[in-house]
Amino acid sequence: MHRINIVSESFLKFKTSKYFGFLVLVVMTLFFWGFFRLLSPSNFGTSRLVISYFQTSIQYAVGGCGLYFIVVMGLFDFSVGANIVLSSLVGVLLSRQFGYWGLIFGCLLCGTLIGAFNGILYSRLRIPSMIVTVGLMLILESVANYVVTLDKSGFPGKLSNSNILAFGHAPWNYLAAGIAFLLMVFLLRFTKTGTYCNAIGSDELVAKNMGVNVERYKFIGFVLLHFFVGIMALLTVSYGRGMLAVTGMSSMDRNFKPLMGTFFGVAFKKYGCPVTAIVLGEFIIIMIFNGLVALNVPTTINDFVTGAVLLTIVSLTNRGLKGSVVK
Amino acid sequence: MKKLLSVILVLGLACTVVFAAGNKKPLIGVSIWSSTDTLGSQCKRILDAAAQALDVDIMYVDQGHVSEKVTGSAETLAAAGCDGMIICNSASAEMNAVINTCTKDKMYVAQFFRIIDKTANPNEYQLACQSPYYVGAVHEGEIDNGSNLIKILAAKGCRKIALEGWNSGDATFLLRWKGYKQGVETWNKAHPQDKAVLLDPQYGGTTSDTGRSTAEAIINANHDVDALIVAGGGGDTLIGALAAIDSMGLKGKIKVVSTDFLADLDQQLASGGMAAESGGHYADPLFAFMLVYNAIKGNYHKPAGSFYEVLFPYLYVASSQDYDAYAKYFVTDLPYNAKELSAMAKLSEPDLAKKAAALSIQDVMQRRK
Amino acid sequence: MSDVILRSENLYKHFGITTAVNDVSLEFEKGEIHGLIGENGSGKSTFCSTLCGIYPISSGRFLLEGKELRVRSQVEANRHGVSIIVQEMGTLPGLTVAENIFLGEEDKFMHGVVKNTGAMNREAQRLLESYGFKHIIASKMIDNYSFEDRKLIEIIKATYFTPKIVVVDETTTALSQSGREELFTVMDRIKNGGNTVIFISHDLEEVIDHTDRISILRDGSLVGTVKSSETSADELKRLMVGRELTNRYYRTDYGQSVSDEIVLSVDNVSVPGEIQDISFRLHKGEILGIGGLSECGMHETGKAIFGASYGRKGSVTLKGGYEVKSIPGAIKHSIAYASKDRDTESVIIANSIRDNICLPSLADMSNHALLNNGKLDSFAKKFAELMSVKMTGIDQYVSALSGGNKQKVVLSRWLGKDSDILVLDSPTRGIDVKVKADIYALMSELKARGKSIIMISEELQELLGMSDRILIMKDGRINGEFIRNQNLGEKDLITKMV
Amino acid sequence: MDNPSAAATIKRQKTHIFLRGLISFFGFIGIVIVFSILTNGRIIRPDNLSLMFSQVYVLLIASMGVFLIMTVGGLDFSQGSILGLASIIFCWVSNYSIVLGVIAAVLAGAAMGAFNGFFHVKFKIASFIVTICTMYFFRGLCKYITTNGPVPASTNVMMLNETWFKLLLTGIMLLLGFIVWHFTRVGCDLRAIGAGETAARFSGSRPDLLKFLVFMVSGAITGFASFINVIKVGSITGTAGSQLETQILIALVLGGMPISGGAKARFPNIIIGTLTYCVLEMSLPMVFPIPATQQLVKGIIFLIVVALTIDHESLRVIK
């Protein structure tokens, strides 16, 4: 009897430690891996393939990290996709003159500036983030189309020159993503920003009363988000060797892949390992995609499965309390 | 802040007055999936040239091949007072609403890259025949094109062929897919001892990163494929697919064919990234444009109970030399200059069709001599 | 050791017309634990809130070490060395323990933008251990800890920077015995550090045992200050009460019998963590008062009767034999409820008076599910005017109304519904004398019309003045019952409350 | 209190509410005027109105559903996918009977809406998270079904492609919506829940039940809209209805709908909003020949209209 108590005690202790969340994530990853591995052992989940899945997933994970800052505060940003497109194109444009530096700084700087712009507009106009970013999404998308026309290289928006593609493959894409993840961990653990974003998220008014400058940190949140989006743009454009300027809100689709990772992150926040959750979450999603192809299921069903998996995970982890008001 | 925004608005609208200046020129609308992607921008380029040469006003509506937007675009153009429009629809059934709109608003219409399938959509076909405003359709022999590509691949010794499309259920893709299947059948009939297989298609969207991830998934799932068909998607899908193969170090091992020309095709062909390309079809809308233009001018009177059908040839490029020529006359330059364009506008419909059929790299070379 | 550290001079605090703090001049000495007692609404919490900048001062001033102290927020107060441990939750979920402790005070760990989290956690852990809360780990998410542990963490947050003044506001009610001991050791430590604790509690024994001096407030004004060593619980009780009953607006009738027709019977109702095994009967035309300390569970009892509390056990049965299980059911069978938390549970702040009044009665006013808006307007108008709500029109938003008028809106809503059983939780809380009088008059009238009322109140003289019968609750149970009569005094009630 | 300042604030609030009711309407009028000038009065030519309308129908009907959801403070991003899937189901059934088809589509829509509502209410997950998940969920099915080609509707469906018919259906739906909103307790209850869920609960309305129903109903409404969608389109591809949710959001916001829902939700928001949106959609291409420019201007106008019409009082904490 007493022993059992001790056991349950120590289990409880463990259950609340960050290792528990980490364990759950690893188990989930292994589960999906094993699932598809069993169904199609021949062409899924060998070490080589797993690596290639991971390579694909990291770019979305970077975006997911950025979105975490905003989503955790209860805000949202629809202009992420549009910013990816615009920043990439600016990066490509600058890379024509300045090579890698142009590419890198084009993406990161443009991304961050847009973030600042969003933040200012949000706090100045005092419009809910969801609305203001929809408007910005429309604007950024069309601006991207003008940027393309500035590209006179004959390959508008494409990284045709094969010696500027380093970030499209190992090791440089890992390096960039790795830096992003470390930065994320750093921001969350070793700066006020992470703390304050969480505080604002859990109760804006109390946080204000504790002396948190809410407006300021929401702004910072936007800037950080779009800085990470800049990194994601760098990875995406290198990965796809080019970017396509779109119209008609089609950039919206780009919002959601990173967002899935963010959902994971938010879900595992209470275990104190959001970044791991984001990275592994995106990895799981990409793995599902590849698994389906391996099973020769048309990728058209992919969205269906992704949606189902997300919904399950969210409803297992993100539940509200009874009687709590959820909008 | 609000003040500032209002100022922006006023400025924005002020500059519009320039556009808004009233005009009596004929106005032709273009309903296209996207006027900004690789293929779409090429189409826009040649259409703008034609419009300028013929002193016609031209306006674009992007409908992203979303059915309701396609039918909507026709209404938008009609409302804008277009005298005629050319459209690249996504499913044939949409043409029903489109043609009705055009008939009601006396706006001539011609399809490009598309034609209504007589057997699959008999009603739409009938409607098209009856409507005095449906001028005709310009389209490629998608099926032949499909089987041609397979022939090329098979000849290069490919036996396991993967297929990457863009959006599921797209009319053109379905035709090309049919073509590939036919090609494989004919080959297997001819060589029962070494058959070729065509995998089911996966869909890579129209952007290069999705194109790459899908291609990677395909190749990861079937490491023994020796050929990949990127059926289309405007070029970016192909770029992505090539990136995938390149990064997996399979360049040249997996032969890639596609129906979208790339800006850097020469390098790709030289480096073995690409096996062969059919394409150059961006001039297709030009002929649809000509049909409508002449219909508006009253030069063409469409045959009763039927409509004009212009078959547009694919250009095939299998070597970097071919491509250099193509690049010279089709990329840096347009296949028709202003003079030729205005001349073309005066042709009778059959001659126009001939002109279209005759278009090839050599053809342009001769004209440029 | 009798040198004054904090002094309040002629301090006033008004809420609208009500005066919560009335000309209080108090002195707190260095290194003392100063008890502050008084029954609910006597203004002790308000007094401390003005000290900590939660409410602005109406007039008068605080002098901290001779210098005037005027703060606008808790943070500012902390900077001046004044901190408060409040009744309700003051920690933020989603943050680690350490982050919570140092929220807003990270600067001492910042090197430029870099926060030395390791040092912060170590510091927090050191504090936790120095306070003797070894079972709490600084680096963990606060979500993992119980309500009580979070309170302890709050205590650290409020005291680690050795403030000159620490206000402990009814914190003990949230703590178990062991928790209380922890708190008292902390208080003693602060005292021995030459600083001052202001200790607010309802538990008189506790106050006497752990304070040096005790000040008694009544109706916002200071009754007196006594040495803890020289006083007794009974004396304190006497001082707390002993008010001449200003009963001109209460009922004056006594000894008239209530009909013994039972309209509502509550049997063994329990709500986990709130109330245990409550049973009583309500008669036709009876005003049943329920009193006690704020956390004694009386408010939850009201909710439970109305079918609003989650996980309720036991049964609430009406005359007809109907068992109340849900709010709509309760309303349908003509039970009305006015919550203590008026702004979130009674009126819909961001909505029009019209909608607020009509909402419960919509079902009655619609024939074949069709509403007649004209009817709604006239309905709302009629009852709003019956209650003489001060408004520009029924389209006005409730948010623009004063507390009293909000309560009037609530009551006119239930008048319109013509409910037979009214559960009124703190009906006159924060309401000026005039509206109070109206409400009492209304209650008497309703009683006369044979309606039954359950009045849950923290104001003793209100209970004495209005109820036919009074139930006193303590720690979630019924602890005493009194029948209306003249010589029933607040003292009798308080003995059962604390 | 009856001191003058309070009275003044009350006055101000009254006039403010009154103006807010109209400001989005002014916005609409303003946009119409500006663009009739820019297009030399082309957009207000009578023969263009029917064209204009034929783009309104689907958006208008679908917006009604989302209007209800937003009134209780929720959001729905799965609308487009619901439209697509419901359309497919209609196409299938229409080959047997069009009436059955409509019923099937409505039921399917209701089912999908109920699915959203269930997860939102039962598990207390924020509606926008749930609907983003289900957006993928339904869209996936939609694409999967259309893998081998568009799903064609029965050919007699196209016969119904008459302005008067579509106008009639939309009119009926609007009328129904208006009646339900104004002459049943639904409107009152939903506004109350949006304004203050707890208080509404204590006033006898059933937030959880109503929220669930609202999602279901809005699904059903979109299901009905899919009927008109198919009438216009004739066959359904995998992309059918993409971005409808965003169009609805933009339209409603343009119509003055407070995104946090609550008491300030007014039925005309739907009509004004969708009309404004469609006027923009129609007239921008006339004025600007290049799609990119069209969208740029659309974005700017959207932001300005919102900035001018947004109501800060009702949002204490801006999310």
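All chains are identified by letter, namely A, B, C and D, in their written order; residue positions are counted from 1 within each chain.
One rule holds for everything that comes next: contacts are C-beta pairs under 8 Å (C-beta built on N, C-alpha and C of every residue); 3 or more make two chains touch, one makes a residue touch a chain.
Note that the coordinates shown come from a computational prediction; the quantities given were computed from them, not determined experimentally.
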| item | value |
| --- | --- |
| Minimum number of chain-to-chain contact steps, subunit B to subunit C | 2 |
| Of all other chains, the one whose Cα centre sits farthest from subunit B | C |
| Centre-to-centre distance between subunit D and subunit B (centres being mean Cα positions), rounded to whole Å | 34 |
| Computed distance of Cα centres, subunit D from subunit A, in Å | 29 |
| Inter-chain centre distance, subunit A versus subunit C - centres from mean C-alpha coordinates, in Å | 45 |
| Residues of subunit B engaged with two or more neighbouring chains | 1-2, 35-36, 62, 64, 168, 203 |
| Set of subunit D residues in contact with two or more other chains | 143-144, 146-147, 198, 238, 243, 291-292, 296, 300, 303, 307 |
| Residues within subunit C bordering two or more other chains | none |
| Touching pairs among all chains present in the structure | A-B, A-C, A-D, B-D, C-D |
| Subunit D to subunit A touching residues, read off their complex | 73-75, 119-120, 123-130, 132-141, 143-144, 146-147, 197-198, 238, 243, 246, 249-250, 253, 259-261, 291-296, 298-300, 302-303, 306-307, 310, 312, 315, 317-319 |
| List of subunit A residues in touch with subunit D within their complex | 74-76, 78, 121, 125-132, 134-139, 141-143, 145-146, 204-205, 247-250, 252, 256, 259, 263, 298, 300-308, 310-311, 314-315, 318-322, 324-327 |
| Subunit C residues touching subunit D - in the complex, by the definition given at the top | 16-17, 306, 308, 327-328, 331-332, 337, 339, 344-352, 355-356, 358-360, 362-363, 366, 369-373, 390-393, 395-397, 400, 402, 413 |
| Interface residues, subunit D side, partner subunit B - complex | 34, 37-40, 42-43, 47-48, 51-52, 54-55, 58, 143-144, 146-150, 152-153, 155, 158, 161, 229, 232-243, 281-282, 285-292, 296-297, 300-301, 303-304, 307-308 |
| Subunit A to subunit B touching residues, read off their complex | 40, 43-44, 49, 52-53, 56, 59, 121, 124-125, 145, 148, 154-156, 158, 160, 162, 165, 168-169, 236, 239-248, 250, 286, 289-290, 293-294, 296, 298-300 |
